[in-house]
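Structure first, then comments.
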Amino acid sequence: MELTTVKLVTIIAEAVLEDRLLHDLRHLGARGYTVGTVRGEGTRGIHASEWEGKSLRIETLVNAEVAEKILQHLATAYFPHFAVIAYAMDVQVVRGAKFKGGGGR
Amino acid sequence: MELTTVKLVTIIAEAVLEDRLLHDLRHLGARGYTVGTVRGEGTRGIHASEWEGKSLRIETLVNAEVAEKILQHLATAYFPHFAVIAYAMDVQVVRGAKFKGGGGR
Amino acid sequence: MELTTVKLVTIIAEAVLEDRLLHDLRHLGARGYTVGTVRGEGTRGIHASEWEGKSLRIETLVNAEVAEKILQHLATAYFPHFAVIAYAMDVQVVRGAKFKGGGGR
Amino acid sequence: MTIIELLQVNLLSPMVLAFALGIIATLVRSDLKLPDELYTTLSIYLLLAIGLKGGVALAETSLAVFWAPALATLFLGLIIPVFAYSVARKIGKMTIADAAALAAHYGSVSAVTFAAAQTFLDAVGIRYEGFMPALVAILEVPAIVIALFIAQVAGGPQGGDWREALRELITSKSILLLVGGMIIGWLTGPRGGKEVAPLFVDLFKGALTFFLLELGMVAARRFRDLPSAGLFLLGFGIIMPILNGLLGVWFGSLAGLSVGGSTILGVLAASASYIAAPAAVRIALPQANPGFYLTASLGITFPFNLAIGLPLYYTLALWIVGGQ
Amino acid sequence: MTIIELLQVNLLSPMVLAFALGIIATLVRSDLKLPDELYTTLSIYLLLAIGLKGGVALAETSLAVFWAPALATLFLGLIIPVFAYSVARKIGKMTIADAAALAAHYGSVSAVTFAAAQTFLDAVGIRYEGFMPALVAILEVPAIVIALFIAQVAGGPQGGDWREALRELITSKSILLLVGGMIIGWLTGPRGGKEVAPLFVDLFKGALTFFLLELGMVAARRFRDLPSAGLFLLGFGIIMPILNGLLGVWFGSLAGLSVGGSTILGVLAASASYIAAPAAVRIALPQANPGFYLTASLGITFPFNLAIGLPLYYTLALWIVGGQ
Amino acid sequence: MTIIELLQVNLLSPMVLAFALGIIATLVRSDLKLPDELYTTLSIYLLLAIGLKGGVALAETSLAVFWAPALATLFLGLIIPVFAYSVARKIGKMTIADAAALAAHYGSVSAVTFAAAQTFLDAVGIRYEGFMPALVAILEVPAIVIALFIAQVAGGPQGGDWREALRELITSKSILLLVGGMIIGWLTGPRGGKEVAPLFVDLFKGALTFFLLELGMVAARRFRDLPSAGLFLLGFGIIMPILNGLLGVWFGSLAGLSVGGSTILGVLAASASYIAAPAAVRIALPQANPGFYLTASLGITFPFNLAIGLPLYYTLALWIVGGQ
């Protein structure tokens, strides 16, 4: 069995941003995503969704180039004003082609 | 403190498969698992559990050999017809023995 | 864009420990955390929170030194009696400084 | 009442309007989202409440009047999947798996459509036999089994896990709650029933309204798959329930059911499952495209039955049973 | 009743006491935690119930008596945000974004405060116009739009997504459920309303009590931000509702509302939004500090209105409308 | 009624049957699964409803009749854990931690068993003192404290965090809701109580039935641990409640309680905690094996009390108090 390495980008964000973030991900070239519900605390104070009790944990498997674009975009468009963090890591998958689509559409 | 490297395999799957997947994992040699509830979208269309609104995110810490077996098994038994993806990565744990059990039973 | 490598420590623990674990994390130098709800099974038998149906999945991004301290602390203070597991891995983030604070307060 | 008046009573009922609101919420992309847990809770509640009420009624029913309708229902559960499968294969040119999946859904039954029928008849002031929930339970499983069996025979080994699907079907929550509720109602009788009536009877219509709000959102999400589903499925989703409804009403009249009872048997026959069947089919027939069976069942047939089917099958029952 | 008696009736009502219990639970760090899903469910229920009841009442209302109050309400929605913005800028020395955010919250309306006002008036035995929920809907959106517009004009391009915020506002769940519920109630009329009354009417006060337990916990979590919010915000959170409440009562009397109706319009004007406004502001004005607007709206104004505001605005309405 | 008739009334009540259905659902491996959030919601609801009802009753109770039962209850809370600990150590040969854990559970109280007792007595038509919920609150904490104290003294430093456990115990949600609900009921009195009665009184038995469905599933999951728990625990789980129940009924009669009140005090003494105690014990005595205390409390004693205990303690109360 051949394993390929792709990037897994995880984003923790306040719930109010869901639609925008998923739209951005698609636009930057992600071909799928998985969302879970979490809560948390960071260095910033409260965020508007806090009292509604939840944040999102979004995962997307992408190629290295798209991963870099996503992190870049989050850093400029969301980090300044929103309670958002993101991190990337290498993971092995069976069928890399599924996740390694070209950048953006 | 000695850290050992083991494999973390993560599976995203439609909820209807829970029993079967957990059974398979145990059979392939996993000694534990953790399940969370998520939702998501991929390249395949809808899956039957979609309108019930949820998928599963299953994590299992195993040795490299078992990890490979799991990915292999998922690729042949589930990828063709079901909305399932999986990926593996290296992680460090304190007591590797707990997760490094022999393959299968 | 400059990416920095930090450690992501993930803890799976029975729900009754939430307050204590978060307190310990802060004390050991973590500057943030994210908590999700999961369920699972391991080698230990039932834990008191099991019949209430849930465990916690706590993630915290920290520097390598703090990560080691956290794993060490969990191994001595929780592993013997509680249903707790933990693992660490390297991840890339955009602004490392946010997570790389000094150890403890 | 004329059929126009009946339609009006039905379309202006809180439950149908809530369903419409759910559809609108999805179409305007509102952020309204009912928690999954509420959905699950309401569906458990509805099944248990239907069962309980039926069980209490059953406790006061002579079994002599029950056997004919039960047999008629079982018969419907055998005929409809065969009929639906043939139509889907011959006219719809569908694959064996897709045709069998449709057969399983249309042969089985939707408990919520049943609840809506009860509510509709209550609003119109028509009485029906108290043991109808037992017929829901009888109709739920056989058609699914038969459809899976057809797929097995017609298609050879299917990869899906047949036996596992059957076990899960029989122990599925809808059967368990419906039958369990009936047994509880039957054992505890009117006295026990009265204790829990404020929750399981008085709140029933409100809870159904709430549930239909959610189901409206679910159905509307299926609308976007309508184009890719094609014209055949649209026709199937509307004509199939009409034919099955007619069959159900007719069988009801043969079995000696009242106008209300025949209406409900028509509704049961016309309705398509959306809890038990999808889960069973997904496991036993993974090759079948959920985009077909879910869209037909939830996106077309359910709204059709809710809005137009209920007064229609009642009118048919008036003609056939009432001789009007 | 004297104002002391009114205060007592209000403070010893189950809903206010449940709110206090929620505050205590947070202060003693109890492990009590209502599931998020319960919170969401209750808020959906309350909005739908308010709408339904209003819609059924509207079906029996002559539109002739409705236009003046509707206009008065719309007017309040235009004045209050401008007023609140000026105060926050001039006296509070706040940034444009923070001032506009406060303006959006105080110009808009809190449906739960409205529900509490109804319950209070019911307990005191005062009648009010049945169409008041329509006024809630009218007051909800305009102030938020105006406040965002002020921020846009005063501050130049803000980075936030203005158009998206507006679309989300109009299709937001609070508007959808309130207006949707009203239309359902209006279409289905008293007959349909009666069918679902056990859920949507009889349980209303109990559900509100439950909800206020949770809201007490939420409000108490905001208390710890009070010190950093500063004295201005504390004053703003108490004086603003009093002035707006007075304005609302006065407008109500001018529009020909009864004592009860004027009380409610006062409550609506005095209340600060905590569902629609925070979501819209977070997206359109991300620079605004939620520590200010959430703390003022949920941590100060909501408890103040609930405990003291309700009897106060009623007393004002007695003077102004009733001439006592 | 004979004891057979009493057993029948109890065993055929909706709540016991729902519990049985939950057990069956687990045994046949049904996919039925109530959302955790529903479970949490129902337990919050039940505690608050018990408290509220008790508080309203307390508002109409002379404190003169309350002191003796309160003292008797406190006394039970001191004796039972010492007794249970000795039995577990001497006869069961358990470790200090395991014995203390059992003592905490059996000395404390199960609010749901209490609710079931009320429902049972209502069904049989027996009256009981309105202040019984206050006794639940009195009995909940002391036994747990004493059990933890015994473990501390007998075992030296235990690693667990004693002080933290105590604080969490006193502010635990069950105490907060029960006592908070009582204070709300007491302050608001019958008038406020009537406002929320449709939710907190009328729906009580239905909600309890729903809750027991879930608890049946939970209990059944404990059954599989029965073999490893051993024969001692099985005996302990059945004989302990009988002895404690007898003690409770006797203390009740000494304190001047009616037959109904003595029955309930017997039930309280016989019941084993499954909310407050497990959480406290898990933190303060992490070495204790949850497989023992959860299995005994939830898997053995709870079903025993529910099915057989209720009519049994009532019969004992008839003999001891009623002199029959």
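A few points about this structure:
A, B, C, D, E and F label the chains in the order they appear, each numbered from 1.
Going forward, a residue touches a chain if its C-beta (ideal position, glycine included) is under 8 Å from a C-beta of that chain, and two chains touch if they have at least 3 such contacts.
Nothing here was measured: the structure is a model prediction, and the numbers come from that model.
The chains that touch both chain A and chain C are B.
Steps from chain A to chain E, taking the shortest chain of touch contacts, total 1. At the far end from chain F, in terms of centres built from Cα atoms, lies A. Two chain pairs, E-F and B-D, are weighed by contacting C-beta pairs, with E-F ahead. For the self-contact between chain D and chain E, the two sides draw on mostly distinct residue numbers; the shared fraction is below half.
Averaging Cα atoms per chain gives one point for each, and the point farthest from that of chain C is the centre of D. Chain D and chain F have Cα centroids lying 41 Å from one another. In terms of their C-alpha centroids, the spacing between chain A and chain B amounts to 21 Å. Chain centres here are Cα averages; for chain C and chain F they lie 35 Å apart. Taken residue by residue, chain C touches two or more other chains at 36-37, 89, whereas all remaining positions touch fewer.
Annotation for chain F: residues touching 2 or more other chains are 35-37, 198, 203, 279. Pairwise, the chains that touch each other are A-B, A-C, A-E, B-C, B-D, C-F, D-E, D-F, E-F. Partner chain E is touched in their complex by these residues of chain D: 12-14, 17-18, 21, 24-25, 28-38, 119, 123, 198, 202-203, 205-207, 209-210, 213.
Interface residues of chain D facing chain B in the complex, by the touch rule stated above, are 36, 39, 159, 161, 164, 218, 221-222, 225, 274, 278-279, 281-283, 286-287, 289-291, 294, 298.
Across the complex, chain B meets chain C through its residues 1, 3, 6, 8, 31-37, 61, 89-95, 98. Within the complex formed with chain D, the residues of chain B that make contact are 14, 16-17, 20, 45-54, 81-82. Every residue of chain A that touches chain C in the complex is listed here, in rising order: 10, 12, 36-43, 55, 57, 68, 71-72, 74-75, 79, 85-89.
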